[in-house]
Amino acid sequence: MIVAKIHGEAILELPQDLYIPPEALEVVLDTFEGPLDLLLYLIRKHNLDILDIRMAELTRQYLDYIDVAKQRHELAAEYLLMAALLIEIKSRMLLPKPAEIEAEEDPRAELVRRLLEYEKIKQAALMLDALDQAGRDFLLPGIPRDWLDMPELPGIDPEDLRQAWISVVSRVKMINPHKVELEELSIREHMARILKKLQGLDAVEFVELFEAGTGLAIFIVTFLALLELARENLVSIVQADVFGTIYVKANNEF
Amino acid sequence: MNSDKARIVVETALLTTEEPISLVELARLFDGEIAPPEIENMLSDLRCKWADSGLELVEVSSGWRFRTKPEMQKFLDRLNPKKPPRYSMAALETLAIIAYRQPVTRGDIEDIRGVAVSTQILKMFESRCWIEVVGHRDVPGRPSLYATTSRFLDDLNMSSISDLPPLQNTNSLFEQQDNNDSGT
Amino acid sequence: MNSDKARIVVETALLTTEEPISLVELARLFDGEIAPPEIENMLSDLRCKWADSGLELVEVSSGWRFRTKPEMQKFLDRLNPKKPPRYSMAALETLAIIAYRQPVTRGDIEDIRGVAVSTQILKMFESRCWIEVVGHRDVPGRPSLYATTSRFLDDLNMSSISDLPPLQNTNSLFEQQDNNDSGT
């Protein structure tokens, strides 16, 4: 048996969800985001084409709905405003159209536009919610940097030192130029190295100061550094017997 | 510095910040010694290196960052059972309007949703740095214009607003219109 | 779950948690399916795996966590640059004298600079482990002899003191000396 025809298509039975029991309305009401949401719900539940809303039916359902809700809720003004709008649209559709304003837009058009836009946004909201969200669906690595509390120390580079040296030298040159002389760096470096090695020790064998495998140049520089240390009276070089072991000791360790 | 060492530095920087790091910022790690194109190569090396792990290197709106893969969440949730609350439909709709229709005023949002927008919802997204006021519409009252931030894109793992899922037409309306159009 | 997959889960948990995670908590990741001793094995595997990176896996009192290796600091600090502090000219000159003329006493430095050297400057470089006392000159008062340290070389990216910029040709003073040298 054909119950109804929608767009020329035969409907054989009533949609199951066409009727909403009144006591269910209150529960459902809280889930609606507003009158547009409620209208969309009613339209979709009726499986109706949003473009071809049957205003009489929709308005009746909507009014039933807010009537029930009104008894138990303080109803938001937006719902009443929507009710007024629906009734206005319905009444305009009932009026016979004089020929001269036939071209007038369907009174439902604006409502349909808003419903479609709202439905799009509703879907967009669900799509947004479905996106992976930092903190909810994935986490971010954040290994703490342990040293952040440490005060930052000034950084320098070798060029800073050279500039500082030049500044010292040029100043000294003005005062007393002959006191400054250029020395072979590596001899100075080895002097410091030898002193460090001697530190805390009674004496070190002369040959131990020469590291095997470091090459002739290093041997010579080490030897020169030793001579310089002796000249500056920073180390003593001792040989007890002829051809005996030569010992080197720091003079501060007496 | 050799490139293995440099790659380790880039990896460490990315693992120690929750914020994404841009190429320009990554170049700062090396005081300009390594050019951005070379750093881009390192990033793609790192992406391969991490392919079989629980994190992945991704490019989002404000730069590069690691994130956990979705399949890890099941386990990680057991470690930290408190989950951030889900947003209400009202909040999500408001966010969707700002994201898809930006810049919008509060009035625009109310027009689309058909109900008043609670100040709380806007404040909540503002405090999460997901939306911000980007200007004022030149009408009486000069209402604020809201737009989404790059933090919003980062948190949703997108590099631009065009990565948002496309809006769907929900009705035959447009099909019909198309037919009508082609008929005329 | 196979143990490779489980190790990935443990690694991911450790990389995304700021607090150390105990063995018991790590076992929670697997809902008790994997026993703590097996997780301990994974942790030691992970420690080896990370050995050559910028992070290291360490056990602290409350559990396991990753931390950044100290040698990464230099680079990571450049990401959030503050205005870098600088040494005074007096401090730099003192350091230059120690670097180029080591070993020197405080008196030597004062002779060269022509002004008194503040104890604070020497203390500052000593506490930074850039200079150290390597001996005492055998003269009345037995003054300390200062030299630079290997830490100083490391921090300035030099492998030896001879990597210091050469002083030749930087000043007419040295040019004269060079001429003299070549003349002899």
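As written, the chain order gives the labels A, B and C, with residue 1 at the start of each chain.
Basically, contacts are C-beta pairs under 8 Å (C-beta built on N, C-alpha and C of every residue); 3 or more make two chains touch, one makes a residue touch a chain.
A quick note: this is a predicted structure, and the numbers were derived from the prediction, not measured.
Enquirer: Taking all protein C-alpha atoms shown, work out their mean, then name the chain whose own C-alpha mean is nearest to it.
Expert: Closest chain centre to the overall C-alpha centroid: A.
Enquirer: With centres defined as the mean of C-alpha atoms, identify the chain lying farthest from chain C.
Expert: B
Enquirer: Using mean C-alpha positions as chain centres, tell me how far chain A is from chain C in Å, no decimals.
Expert: Chain A and chain C have C-alpha centres separated by 30 Å.
Enquirer: Taking each chain's centre as the mean position of its Cα atoms, how many Å separate chain A from chain B?
Expert: The computed centroid separation for chain A versus chain B comes out at 10 Å.
Enquirer: Hey, how far is the Cα centre of chain B from the one of chain C, in Å?
Expert: The computed centroid separation for chain B versus chain C comes out at 39 Å.
Enquirer: Mind pulling the chain C residues that touch 2 or more other chains?
Expert: In chain C, residues 15-16, 55, 66, 68, 76 touch at least two other chains, as defined above.
Enquirer: Note the residues in chain A that touch 2 or more other chains, in rising order.
Expert: 139-145
Enquirer: Taking the touch rule as given, give the residues of chain C at its contact with chain A in the complex, in rising order.
Expert: Touch residues, chain C against chain A: 15-16, 18, 55, 65-68, 70, 73, 76-77, 82, 84-87, 89, 92-93, 95-97, 99-103, 111-114, 128, 132, 134-139, 142, 145, 147-148, 156-158, 160-165, 167-168, 170-171, 173-174, 177.
Enquirer: Please output the residues of chain A touching chain B within their complex, sorted ascending.
Expert: 33-37, 49-51, 76, 78, 82, 112, 114, 116-129, 131-145
Enquirer: Any idea which chain B residues touch chain C in the complex?
Expert: 8-9, 11-13, 15-17, 21, 25, 28-31, 52-55, 66, 68-69, 72, 75-76, 78-80
Enquirer: In the complex formed with chain C, which residues of chain A make contact?
Expert: 139-147, 152-173, 175, 177, 179-183, 185-186, 188-189, 191-192, 195-196, 198-199, 232-234, 250-252, 254
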